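Read from first to last, the chains carry the letters A, B, C and D; within each, the first residue is number 1.
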Amino acid sequence: MISKELCKILSQKEIASDIYELTIEGELVSQITEPGQFVHIKVTNGLDPLLRRPISISSYDKEQKMLTMIYRKEGKGTSLLAELRAGMFVDILGPLGNGFPVEEVSKGDTALLVGGGIGVPPLYELSNQLVAKGVKVIHVLGFQTASAVFYEEEFLKNGETYVATVDGSFGRKGFVTDVMKELQFDCIYTCGPTPMLRAIEQNYQDKKVFLSLEERMGCGIGACFACVCKKKDDPTGASYKKVCSDGPVFQAGEVLI
Amino acid sequence: MISKELCKILSQKEIASDIYELTIEGELVSQITEPGQFVHIKVTNGLDPLLRRPISISSYDKEQKMLTMIYRKEGKGTSLLAELRAGMFVDILGPLGNGFPVEEVSKGDTALLVGGGIGVPPLYELSNQLVAKGVKVIHVLGFQTASAVFYEEEFLKNGETYVATVDGSFGRKGFVTDVMKELQFDCIYTCGPTPMLRAIEQNYQDKKVFLSLEERMGCGIGACFACVCKKKDDPTGASYKKVCSDGPVFQAGEVLI
Amino acid sequence: MSRLNIELPGLHLKNPIMPASGCFGFGREYSQFYDLSVLGAIMIKATTVEPRFGNATPRVAETSAGMLNAIGLQNPGLEKVLGAELPFLSQYDVPIIANVAGSLEEDYVEVARQISKASNVHALELNISCPNVKTGGIAFGTIPEIAKQLTRKVKAVSEVPVYVKLSPNVTNIVEMAKAVEDGGADGLTMINTLIGMRLDIKTGKPILANRTGGLSGPAIKPVAIRMIHEVSQAVGIPIIGMGGVETASDVIEYFYAGASAVAVGTANFVDPFVCPTIIQELPELLEKLGFVHISECTGRSWKEHGQLAYHRA
Amino acid sequence: MSRLNIELPGLHLKNPIMPASGCFGFGREYSQFYDLSVLGAIMIKATTVEPRFGNATPRVAETSAGMLNAIGLQNPGLEKVLGAELPFLSQYDVPIIANVAGSLEEDYVEVARQISKASNVHALELNISCPNVKTGGIAFGTIPEIAKQLTRKVKAVSEVPVYVKLSPNVTNIVEMAKAVEDGGADGLTMINTLIGMRLDIKTGKPILANRTGGLSGPAIKPVAIRMIHEVSQAVGIPIIGMGGVETASDVIEYFYAGASAVAVGTANFVDPFVCPTIIQELPELLEKLGFVHISECTGRSWKEHGQLAYHRA
């Protein structure tokens, strides 16, 4: 069940340069079914900006009815979002979409979680749930540079964690795909820039891979056809998938990216 | 000299139903020359609403660099303005226009100050300055209803004050023009709804009358020709006056209202 | 007694509020939020003979107080709309207005012929104004004679009244309106989107894969109001108005301009509950403004008495 | 070395930023705020042969991310502009672009003939697109042949290059652009305002005394960008773009679309310092985007190499 709710902001802090961690409280948390789902946020009452902003749920606590998001301050919407303070209320539509299937790995298996930049956040809740289930998790997190790195300690608590930065200013120099080469695992969960997702899909066709896609959205609920992608088995697109309501998480091979 | 300044809000309170008193601090106060001038306010950084809002200066203190405005919460702009709190900053362009000529009355004369609704505020500073100059002031203030009445005590401190409400729920029932009939005075200063100004201009052609006009504005500084009115002596309009930069105060007989 | 019921050709509307075509899919998603029977009507997504995937993504871009879209008439095709979507909607007590699109005249005629037979389709909305399809489209929406001819052909086969959706991207919209009225249109819907573009400051290229897109939202409301104001004085058929409607007050402004009903598009994306909210707020606003019935508002901006003949049941 | 200087017919611009006509009067008011010599150029208020008072008030109304105006070309008339306004502006080191308006062909020709002689007038902007004048105006701006003929007549008498200001209220703006290019236009300025209307919720009547007005501001930017994108690919003359420009980034977007300079209108009312601010911020933004000179940005949205012939001094 999707709801639209004015949620109270419990905390907001900048955890890396231009990266904010926002925790809110709301009834809609009870509706979250999987890690990797997202919410659609109206950052102001007015018309500027007009549309909602999709942001992934990075972790949640059903008892406390709390959910946390981590986002990068980019343009108008996220900049205004970053100005909101604890105690204020924000209009949230969610939870939306289908997330990462936790049931696809079993106790004892090893899952590789690969995140790039603002694709890292949704992997955190996933990591927590996999660990709780007895799955061994390895994290590979890619960032532009040291100042953009966040949550590496949180992930470290759950398991092996490798950080790569494009400029080498933190952890390994290079891309997550370089790091992945040296690791053993049964299945991959990943979220990040499309080129990264393509590379991973390409390199690990033998493995079970789950990718979280990004697309510009209108409604966020499946009504406007803004976020449609073609299915691999049917490039004509007669049948298709919507990133907002069928995704954002798909199994590699399901849709064209 | 007109300036554009981010001014600090010192206080904001609702002094009657939907009537707010806003006091700000700014260097631009030093540029105020007369009572009856106004400022042009950008109530938000964003595009919603786009334009500035013209609001009269109801009183000011050059030592303290403070100015006070009194406005009615109407539409989008003034509603957002009413949400601002002490400590916040607001973008103000001003001081603008030409106000009420204090020099037109001399010590010992009697000046009648007639205000209607949100036309009342600019008369307060005028009253203060006339009293300081030794002029006897009589105030006639018209409001819709009791809940809309404000500042009657402040005016009372300066001199005789008659309040009229359309529904008779406070003071005299009826219009300011009814009250005026019974009073003796040398000159009139007035601000309020156009029909009221017309009536006063009509009834007191023998007296010196100064009227503050209202018009929808664009720039507020004389550049866009939005607020132009025709001169009485030249109805073709070849020569004309701008309410924002030549006014808002004109002598009765100067322009067509 | 209701202040909101409106009678239009083919449409007994319990209220004059309906989601605009393409902004509500075929209703399934919004049925999660509220009972679709509260709506005056539903304008479903454009339907073409064959399924269409539409344009590449990105398909939407935000603009100041508006948005651009270039969906490209994606739809499952006539067969699936008749077989699955309309039956789904038939569980609700709400008339459907089917948005008919195509590239060639035959396409429009074929869709109209078949879809007008569906029991819950009470009217057609002839979409001659989609800015996002390469072929055909444009001419139908900009050349009066061609629009008139298409309207006539569709009228000939349709079993329900036909409303023609006008494009604002023309020099003289009154001319277009009169042409389709001559062609036999029972009503008009206006406006469709203005053609616009946004460029990515980093790449310099259009944000939309289709390059141009249709501008919708509050930004276009003044253009829509002006066009409805002009057209409603020039034609004798009712107008369903749209363009940036977000509040009950916007709805009244559209009626003043000359509309007899109002569609809500983009605002559904911002607030999924916008239609029921407006419907709920209208009576109080009418009360406040001193109207007994909303039909009194139609055309106020240009005539003394708002009531138009075709409102009286 | 400057990143901002631009060479256009008749105009050696130290930077490509200029206030748009009608939004800056004749410069006097804004000269209180800053030295007008910092501007690339100034487009002065429309000038007609005789003085005009213009329309009744209210003349402006706010809309979502925009505003409507119906000033009605108020101006002191050719004689006073030549005798007082242009001389006032001559104290500044800034080229003036004179906006030429009228009701009849003769009016335009007469204003052009005389005003083009003024020493600080370096170009004319032929305003064939004012939506707020009852007579003439419209036809000049919407019928290619008539626009072409007027352009030719004005070119024949003008002593400086002539830029024609296009109206967005047409079905096919490329056709208009080509027509005036054929007529001898040295450049284009676009866009003028979209025709719009707002109604007062309480009275039901238009807020503007003139009923309709011209829509300007950020709301129309996507329409302007799209039109400049189309026109710049179809003509060989430079374009001065305008419509909702508020920031340095907006300016770059206009260049990407195909503009060679940009005018700022409505934004002056919101922030009197907007032009100098943009001029000051442009170099840093260009640096960030990796451009040596702003002229490299022109046409990026549709071609690989932004540099156009007429930019090279």
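Annotations for the structure displayed:
FYI, a residue touches a chain if its C-beta (ideal position, glycine included) is under 8 Å from a C-beta of that chain, and two chains touch if they have at least 3 such contacts.
Predicted model only: the values in this text are computed from it and were never measured.
Under the contact definition, subunit A and subunit D share the contacting chains B, C. For this pair, subunit B with subunit D, the centres built from the Cα atoms lie 36 Å apart. Per-chain CA centroids place subunit A at a distance of 55 Å from subunit B. Work out the mean CA point of subunit B and of subunit C, and you get 46 Å between them. Contact with two or more other chains is made by residues 63-66, 217-218 of subunit D. Contact with two or more other chains is made by residues 47-48 of subunit B. Judged by the touch criterion defined above, the protein chains are all mutually in contact, each touching every other.
Within the complex formed with subunit B, the subunit D residues making contact are 22-25, 28-30, 32-33, 45, 51, 53-54, 57-67, 69, 71, 74, 207, 217-218, 266, 268-273.
Residue ranges on subunit C touching subunit B, taken from their complex, read 64-65. The residues of subunit B lying in touch with subunit D in their complex are 1-2, 4, 42, 47-52, 93, 215-230, 236-238, 240, 245. Chain contact summary for the complex, subunit B toward subunit A: residues 44, 46-48.
Taken together, the subunit C residues at the contact with subunit D in this complex read 63-66, 68, 142, 169-171, 194-199, 201-202, 204-206, 211-212, 215, 217-223, 225-226, 229, 244, 249, 252-253, 256-257, 289, 297, 300-301, 306.
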